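Two complexes, one shared chain (chain A), two partners (chain B, chain C).
Showing the complex of A and B:
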């Protein structure tokens, strides 16, 4: 059977060209139909979404929008709901991720979009969230109101199930009309979400659409870029560069590029009682979605001087990865991915020939590898797909200076350390460009309202309209009650 | 381990641990009787997997809580294959391991215990009675009864289930005493929580994490983890072992 991705309000499905994407995982083939809009259709769709966004969405209260999103998320959390059941059944087949990992991952992720979390999300960026609904007094004087764009274009990438929901929900919260382009690697979740929104609130359902084109289809991409008021794009630097270049000069373009995240383990966490637990948490961050997220750790700086040595800690991680392979088996890799892993292993093995204590743990056939090093190495991404490196360091305080040259690539650091160390390291890491610090085991699950790459998710999307004090004062002179 | 020419009867082997055991024996060349009670499609799939694994297999329907059906199962097996070498009493009365919604002791009725005793003990008793003439005739055979590590450590007190499995271990020891002189061995395998199976699917992550943290091998068992010790007890490698219980739970229980 073929599933249908995409969501196109106001367009008859028969008028659309549908392409078939085929996914073949371990002998189970599945087909997904994706919509390919003509230039004209994209223009019409954009026009309609802008119109409804202006007429309807902008007059909705943020609290009504959060209530609708909450109701949609509740359905995706309900194991008896048909969309949830489809997600549990098909997302593992589409993405290759272990079914249990997807099931648990979806629940953990979707929970961050319940109403209370969404309100926190808004409050995080707007001291007074009412500023999205009506003009509010400003501290400097006068009044201001924040407006989302009429059409926010999202160009998503990657295969972590449901990731597009982040920016799509951000768009809705600032009352933007949205057109999102799903990647071929996971086209379903955003489409289902849009359908659910439309089922709950048909009018709101006319304010968003989910489209597709093959990555690199410049013409189709251009058709959307031309219509958008604001563009949010994800992917590697080359892709983002092209998108930014083709975005009209009057349109803002926000890009989220690939990042490198890592972990830090203090000797305070390396006593015989806690070390295993910490290794378990570190391994979980490696395993979750096979390091496909920007927040996934590639390496761990582990401090010397604890009861458990960095080398033993690396061995603990190796064994935990082996145990996780039973629980959440790694997805089968593409040829490119497998050769990426092999190349990384090979280069790490080469290094271990020349450094006595360096080692690569795990066989080439294992679904994981851990490299261990005592050398002063540069920050480099791992081979992905459950490959990680443990670097032994004299003290964690030395790490920030070592990673400083990579400022543009840094994102999340997972830390296991005592409170004073955490404070001290946070200051040093923030100064060299790290934008998020979390506990280990939470690296891949940012909390609601986090600032992606240190940016303001919602604030970046709006423009302020200010009524200055002078206008107010001047208006007084023209009132009919003027003395 | 080579089970060429061996006839292995595994009760309740259309799914879960039983299915894994059936496939593992077939992978070592055995002919496996895949017993099931309801799900014929699942049983057929296991048979196909057994054949693909290099052994032979046939599915036979029988409810092991019925003495007559067990007798018919054994009769048909003997008619088709003339002998039985190994019996794995794996079937049990359907039981949902749901820590959050389990019955507390004061919610239980004797019938709950009776049902589990019927599922674990009556079925094994009846099966042993039924196959014994055939085993005695050749003064050889290995009987493996599936218990649970909850017997030694009731992490979650599933009273009725665990009591029945405790009785099964006592039953097996006595039977081992009786059948030792006849060259027939009786042992138990006591797995820890095995995930995923239909029975354990409702066990929440929180509980699994708790068990993992206390398990030296730091993970939950998969059905395939259980097959090795079962085959060991079925083989001549354990020819001087009887009346034993092997705990297969990553070291959670050490006895």
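Showing the complex of A and C:
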């Protein structure tokens, strides 16, 4: 049986060209049919979504939209629901991630979209959320209302299950019509979510669609870019560059590029009682989705002077990674991925020839590697897929200056430190471009309403219409009660 | 063995045609022992893997150095200062560092090149009039490809063979004059150069609406591929275009696969179908391995290429490339560079980071 991805309101499935994606993991092959629209179909679909978005969605209250999203999320959290069951069954096969890791990851992630969290999400960006529903008085005078775009185009990338829901839900919260392009690496989750929304509220279901084309098919991409009022794109710099170049000048294009995240461990956290737990947390962040997320740590700066040395701490992480391999085995790697891991590992080994205390822990056959360095090393990504580096530093305060040149690539820093250190480091890290600081073990699970790459997820999507005080005053002169 | 003995043995080995594993392996192990003894960074590399000449049974077990190793280590048996020539790597560099291959003498490199080139490119011809679409050796003294092409021209080019490259790049005027001349004389012609030079030439020809029909027996040699260039062509499209623009049938369009970290080149027997089967002469052997463990993969599985090139005697003979391939009975399919795998999610990978950080 082939699964079907995509969600195309108002289009007869028989009129669409379906292509087959095959996923073969450890001998278990599954096929997913994905829809490839013609230019004409894309144009019609865009037109209809814009129309329903203008006529219907814009007049819905945000609270009604959150209620529908909440109901959809509830189904995805319910292990008796067929969609949830499909997600648990097929996402591990498609992405290769360990089934238990996917299951736990989905639950943790989806919980951040319950109604109360969605309200928090809106309140993060809008002091007065009612501004999305109707004109509201503005502090400077006059009135204002925030409008989402009629058509928001999402171009998603990557295989971390469920990530597309993030921007899709953002779009719905600001009453945007949405067309999302799913990546071949995980085309299902966004499609299922769209179907559930449509089952709960058929009219709202007409305000979103999920499409596919093969990455790099610029003609199909252009068809959507031409129709969109706002574009949100994810991917590497080359991909984003060409998407931005081809977006019409009057259309805004928001890009989310690849990032590097890392951890910091203070000597305060390195006493013999606590260090194991900290290492366990650090290893968990490495293991979650095999470091494929922008918030996944590549390296850890570990402070000298604690009861546990940075080198011992590196060994602790290595041990924890080894234990996690039992519980959440690493997914099988493609030749390209294996080559990336090997190149990183071998390069670290070479360095250890010159630097006495550098070391590479883990055997070439292990599903993880930890490199340890005492050299003045700069920020650099690891080989991914459970490879990490521990860099020993005299004091954590030296780290911000070392990472400052890489401002454009920084995102999350996971910190284990005492309160006053946390305060001090947060100020220094923020100043060099870090946009999120979390505890270790939480790096890969941002809290609801977080500001992705430091941006305002909802505010960035809207345009304000303001009625200035002069218009109000002038109108008075034309009222029928004027003296 | 001393350096002089190694050189003598190698020259004899190259001259002797057709060898079996039984003859290849002992020499490979002797050269490994020589490198192990004289190349200290390589010795450390081997010791870390618990491999020494004493434990070695076959060339297949010789530790292969990742080509990136040339950027971190000086891998030379001779005093690097005493080298006759240093070839340097190009392409993606790590912190701007280029890998160096030291050659105490070019005699082995040259003999290796000449012997294989005669068999694989010249075939029925002793000499051919040649045009080179690449800078001269004087312009690029550290480029192994510039040296390779100079050898081709000097050894096998008939009178009138020349570089079709000047200070400003490709010399289209001279090139077109040469092509027209070849068409008129009816004598076979050979055009050699970087794959990407051919793309530029064909773009220019397309712009001018020019095609030529080179005489029967003419041939083309391209090398290097398109990675990292502003324009990438599918191989089939590339060879179709070559055939259409120059009138050289695809089975006479030969692709050479070589690298700075080797002293021997691989060739195919034309590109009627792509990807073509590549093979090398009897003094180089290849394996397909799992890059993580270095273990050899069963025939037919996709993996990373390891080459053991006896002619690269001064550095290390066995290298782990970044090229993906599949082993066949008569050679291997080259599937292109196993791009240091971009993350499947939104995390940044090493290659992308290097590129971005260097602007």
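As a convention for this text, the second predicted complex is superposed on the first by the 483 of 483 C-alpha atoms of A that agree within 3 Å, B and C clash if a C-alpha of one lies under 4 Å from a C-alpha of the other, contacts with A are read in each partner's own complex, and residues count from 1 in each chain.
FYI, a contact is a pair of C-beta atoms (placed from the backbone, for glycine too) under 8 Å apart; a residue touches a chain by one contact, two chains touch by 3 or more.
Keep in mind that this is a model prediction, so the values were computed, not measured.
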Chain A as common anchor, with chain B and chain C clashing or fitting: fit
Partner chain(s) touched by A:63 [first = chain B, second = chain C, both, neither]: neither
Contacts of A:222 with chain B and chain C, given as first, second, both or neither: neither
Cα-centre angle that chain B and chain C span when viewed from chain A, reported as a multiple of 10 degrees: 90
Partner chain in contact with A:319 - chain B first, chain C second, else both or neither: first
Chain A residues touched - chain C or chain B, whichever exceeds: C
Which of chain B and chain C A:280 touches, first, second, both or neither: first
Partner chain in contact with A:104 - chain B first, chain C second, else both or neither: first
Partner chain in contact with A:242 - chain B first, chain C second, else both or neither: neither
Contacts of A:327 with chain B and chain C, given as first, second, both or neither: first
Distance of closest approach, chain C and chain B, by C-alpha atoms in Å: 20
Footprint overlap on chain A, comparing chain B with chain C: none
Contact footprint of chain C on chain A as seen in their complex: 95, 157-160, 163, 185, 234, 236-237, 256-261, 289, 291-294, 296, 298, 333-347, 349-351, 353, 364-365, 380-384, 405-406, 408-409
Interfacial residue positions of chain A with respect to chain B in the complex: 100, 104, 276-277, 280, 319-320, 323-324, 326-327
Touching residues (chain side chain C, partner chain A) in the complex: 41, 44-45, 48, 66, 68-69, 72-73, 290-294, 302-304, 320, 322, 324, 338-353, 355-357
Touch list for chain B against partner chain A, complex: 196, 205, 212-213, 217-220, 222
